[in-house]
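In what follows, structures are represented as structure tokens.
Next come two complexes, and both contain subunit A; in the first it sits with subunit B, in the second with subunit C.
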Partner chain A sequence: MAGLACGGVAVGGCGGASDPAPDAGLRQPRTLGRGRGRVWVGHSGDPASALRAAVAAAGGLGFIPEGGHVVLKPNVAWSRNPQQAANTDPRILAAMIALCREAGAGKITVFEHTIDRPSEQVLAVSGIAAAARGAGADLVYTTAERDFVPVAVTRGKLLTRDTLARTVRDADVFINMPKAKHHSQTGLTLGLKNLMGVIFNRQAWHSGPDLHQYIADYATAVPIDMTVMDASRILLTNGPKGPGKTREPNEVIVSFDPVAADAYACGLFGLSPSDVAYVARAGELGLGESDPANIAIERA
Partner chain B sequence: MRHYPVQYMPLLALALLTLAPAAAPASEDALSRIADLRPVAGWSVLPESTAYGSGDGLAGIYNGGYEEYTRAGVVDALRRIYRNGEEYVEVTVHAMQSARSAREFLADRYRMEKGGAAPDDPGWARFTASGAGSTTAYAVGGVYYITVVSYHDGERGEAQTGPFVRALSANAAKLAGRPE
Partner chain C sequence: MKTVRRVSQVCFFALFVLLFFQTNRRVDWASGGMDVAAWGPADLFLRIDPLLGWTALIGSGSLLIPVLVWTLPVVALTLLFGRAFCGWVCPLGTCIDGADRLMRRKKLRRTDREVTRPRLKYYILAGLALTALFGSQLVWVLDPIALLTRGLTLGVFGPLNWVAQAAAGIPGLGWAAQVGSGLFPERPAVFRSGALALLVLAAILAGGYFARRFWCRSLCPLGALLGLLGRFPLFRRRVGAACTACSACGIDCKMGAIGDKGRRTVTSECIFCYSCAELCRQDAIRMIAPGGSRHSMPLDLDRRRLLAGFGLGAIWGVSARAATATRSTRDGASHIVDKHLIRPPGSVAESLFTERCARCGACMKVCPTNGLQPAIAEAGLGGIWTPVLAPRIGECSQNCNLCGQVCPTDAIEAFEIAEKEHLYIGRAAINRSTCIVWESGKQCLVCDEVCSYSTIYWLDEGGGDVTHEDLASGGEGAAGAQALPYVDPARCVGCGICEYNCPAGGPDAAIRVTCDGDKRHLSRAGQKAWQKDNWVDREGKPEFQQI
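Let's turn to the complex of A and B:
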């Protein structure tokens, strides 16, 4: 990997004098202020049905501009099949692509930065390549540093700059599509942590002083228009890669509040947001609602 | 080279042993000899699937989950995918700090998978766990801890993982210069 593990406050591109200036002009989320502290939960043995129900209850995808470019970011880091529950279920991805198309999207791109290699095998075994292409989306995967751009993190406590996938930066709409699963280092992988897949150098965060704060800080800089979390089958042990024990809540969680979505999902594992520090810290940064007592759950 | 009096040699040797690292990485080459190019007939290494890491470099294999492995005593590891037509098997060979830490990690994985204590048998060195869409074979051989993952459950998964774990265990025994 060509990236550098710098530690400190500017870990992605290291913040050296020769680095390009970070992009401080990232857009605000189109859904900013909409549905703070609200989550919509679809429940069905058919995850595509659960997704459609939750999105409809949330008011649909009217925030997608006609002909706009939508980027979907599932969690497909690992060479694992859907039953192993380490990646976003391809049925949910395919259904989301269809919904975006119906809402008027002109171009839909599925972006991933896999950890296991080769990426082609990961995307094949996971079912994501077939789901994306079958539903008519472009599939962009990269491990090349040139495909990431510097960004400023102006609201962070620890992180001041990092990188962002160019594909995500250039999108009109960015929809985060994480998998809810166990993670031996952070407790859980949820939506905020899924953003580690749009930075170039994950290793620097893992070896840095405070992974939880990095995750929370970075999320304040990325325009997340919607979170669609796959909790159809969740990985309970041996995460993030598995294989491990799984359970089937048969839920898809939709929210415009990325913190509330994660806070709700903690409960599926018998945890509270305070057990998963990055969720609580993102709440402290004002990114969303992390207190379960203040989160309205609407089941669809 | 400086010459020391013969009577100081044992002390010097002891000092050097004290300074030596507790467990040096087994090296990518050694781990590659266990997970060799064709351990099972019909299967070959998928190009670009091999990842090697030691210490914090284990993140290249386990991402944020790597600390669980370093805490357990994993010094370095090599992961690769084998392919047979459209079928895949994932193999990861870990060099542990000691044979004892390898056995303890195997027992830990047994507790995780089976929910009970590992068999109290000095010769116990392998087990298989199968869940929905997945089978994992676990084995130890000396300081080496091996996992083999199939993307199938039940008999099909065990039919894929069994030959690999037997072949890799034999390779580990050969590397250690002892019978399996």
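Let's turn to the complex of A and C:
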């Protein structure tokens, strides 16, 4: 609970005598400007096949440097099994690791900062640990403050600084792998909201003036090279933790535009981006395309 | 043989420490199930301890055969060799021997006279037996195994963990994190007032300043019990004809068990340490020799002091029994206790709990969120060091039943994870003055978000239902901002994950669990029935499941 209620808009790790200047030197996404407003949707009863089809249609993973360090961020906050649709499907994760390896990645790390505890159990029950290890990726899970570094948010409206997991900052490639599901507070939790897993103090956002603006603001600071959204089985009610009703669109959504991915996914729940405020706000900040009318959907 | 004894002490102590560190969770990476990582029973030493086992029988009033069976090896050892357990096995004895060595002073201490007649521990044992009879267990405070386990858990484990974590931050010492991640929980374990238990341990070791094995000869109730059992052991110290009555062995004896100028032994004090046998210049002493009463000296307890021990024990027992206020409620009699007295899931009803709980600290050590903390005042003086859940420090994790697995005395009875949803240990209550939704109209749903049992429901200011779709529109002024959270009593078991994650209220969270709603006085089936009777179906939430 360090860093609670620090006041103002400087949220996150603001405690302690040694408070280094926020790291303003974060890299740009390698895929910046590429495929703005475009999403590639794979459809298959087998999520791994859907993923491969979508990634191939999007042009593959050539942006991964040879021997580079790839960090994958699935949504694995909760102690729920894959059938309960509260976490990223482990089959998609395993397939993604394999694809990264085929594309020449060196070290592949799966990163998560779980909410349920103990973290090892969450990663085990969700099948993520088995998938990551089986595919030869490292598993990094942490709840320790020292594994997060301060970061400046320069393009946001409300948020000016926060924290970022060191693992993500140091990565050569960062791929966001959210789960599409209902969320009691924000309507839906999709890719932009998944980034709350790489900050240290989530609580402070909830007691801040505008959670949706924070989500949008923070997403402008993190270099997201690709978004791979798990919409194979989605949680419709009682999210984000469930248990609740599920539906199986059997889709995997791939995009270089994190806003477009979220905007498309809203449609799976019968909602539009105006119903999920942080998506629209992210569009307003210029992070990507939030108007479904302007989104090009290519089905693989 | 002295060397053999020391090796035995070191081995058993190493086993004790190993089991201590193994009292930790082990996650099955395939299934997500958790069990205790020990190679055998993690509470092995507590189980074989006859003092704990037999007072548990007295307290429960039933002949628990499994409990008795576990204590048989030590009883057998004592019937054969007297208090060899104290000299060869007891881990606290090993610590005391070690501490005594460190505090060894040059000149002979005055108290090392021939026979010190340490009888106080027998009177203490008498008192403890009576308190056990009245159901107010004090034996846990003074039993050496429980004391050592508790001191290590509460006083050493936390700081050790902190050292490992700090070391991991030093460049080049990153391996400490690897080692630590197997031994310690994710965050450094913190136990409130943990130093208190450590201080008790330190005070016992400090007795070595006055006499060697001060605790063992004067205070230890387990030593007293084994002393009584081992008064006529099959094998005992025998002094042969070569003895010149030089008294060297008697002066040296660390237990003060040798009298009559070295020729006779108080068998209920001799721990078979072999110091006298190796010291004797005439080689006149045999330790493993069939006994005969002419080699022994009587125990010679003072009747009045014994009665005083019984009497004080009875007084304590009765007054402790009468000390808990109760009042009748619709659910039955409820004990008026501190509202923070939230017990682990699977715990038996409160009066039985304080009887059975050994205050060993194993549940606190194994709790993966560090939520189980030692009670200091919540359970009264007699309940000190029993476990309470402090959700602001750590919630009761939904898919965990480790405390029930590890409890050696069934104060926490084992339970299935599926049962947890109707094991009511408390209930969450929202403080409407500090909850930022109630107080400021902000949109915060963290308690709802993290709740494992779908407990939080929403009503608008008029009392009408609010669904999650209504809530989600976001932004100021929308309908969602006026929806207010409520706790459903049939779904809330008191796990406290809401309290842990609540961003408001500082140490006193805006939603916090109290022991209101504790239903341990009902059977498990009774709690399920209560749940069914009080269940309210709510849209979007899981339906009642008959397990």
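In this section, the second predicted complex is superposed on the first by the 290 of 300 C-alpha atoms of A that agree within 3 Å, B and C clash if a C-alpha of one lies under 4 Å from a C-alpha of the other, contacts with A are read in each partner's own complex, and residues count from 1 in each chain.
Quick note on the criterion: contacts are C-beta pairs under 8 Å (C-beta built on N, C-alpha and C of every residue); 3 or more make two chains touch, one makes a residue touch a chain.
Keep in mind the model is a prediction, meaning the values are calculated, not measured.
Visitor: Could you check whether subunit B and subunit C clash or fit when both are placed on subunit A?
Guide: Here subunit B and subunit C cannot both sit on subunit A without a clash.
Visitor: Between subunit B and subunit C, whom does A:275 touch in the aligned arrangement: first, second, both, or neither?
Guide: Touch partner of A:275: subunit C, not subunit B.
Visitor: Should A:203 be classified as contacting the first partner (subunit B), the second (subunit C), both, or neither?
Guide: Once the two structures are laid over each other on A, A:203 reaches both partners.
Visitor: Please indicate which partner A:246 is in contact with in the superposed arrangement: first for subunit B, second for subunit C, both, or neither.
Guide: After superposition on chain A, A:246 lies in contact with subunit B alone.
Visitor: So, A:146: does it touch subunit B (first), subunit C (second), both, or neither?
Guide: The answer is second: A:146 touches subunit C but not subunit B.
Visitor: Check whether A:293 is in contact with subunit B, with subunit C, with both or with neither, and answer first, second, both or neither.
Guide: Neither partner.
Visitor: Given the touch rule stated above, what does A:186 touch, subunit B (first), subunit C (second), both, or neither?
Guide: Both partners, subunit B and subunit C.
Visitor: Check whether A:82 is in contact with subunit B, with subunit C, with both or with neither, and answer first, second, both or neither.
Guide: A:82 sits against subunit B, while subunit C stays out of touch.
Visitor: Tell me which of subunit B and subunit C touches more residues of subunit A.
Guide: C
Visitor: Following superposition on the C-alpha atoms of chain A, which segment of subunit C from the set 150-158, 420-428 or 474-482 overlaps subunit B?
Guide: The answer is stretch 420-428.
Visitor: Using the superposition described at the top, list the residues of subunit A that contact subunit B and also contact subunit C.
Guide: 79, 81, 115-118, 121, 125, 183-186, 203, 206-207, 211, 237-241, 243-244
Visitor: Of all residues in subunit C, which touch subunit A in the complex?
Guide: Residues in contact with subunit A: 25, 27-32, 34, 165, 169, 185-187, 368-369, 394-395, 397-400, 436, 442-446, 448-452, 454, 468-469, 471-476, 497, 501-504, 506, 540-542.
Visitor: Subunit A touches which residues of subunit B in the complex?
Guide: Listed in rising order, the residues are 46-49, 51, 56, 59-60, 62-68, 81, 88, 90, 112-113, 129, 131-134, 136, 149, 151, 153.
Visitor: Which positions of subunit A touch subunit B when the two form their complex?
Guide: 1, 77, 79-84, 115-118, 121, 125, 183-186, 202-203, 206-207, 211, 237-246
Visitor: Over in the complex, which subunit A residues touch subunit C? Could you list them?
Guide: Touching subunit C: residues 4-5, 79, 81, 115-126, 129-130, 133, 142-144, 146, 182-188, 203-204, 206-207, 209-212, 237-241, 243-244, 275-278 of subunit A.
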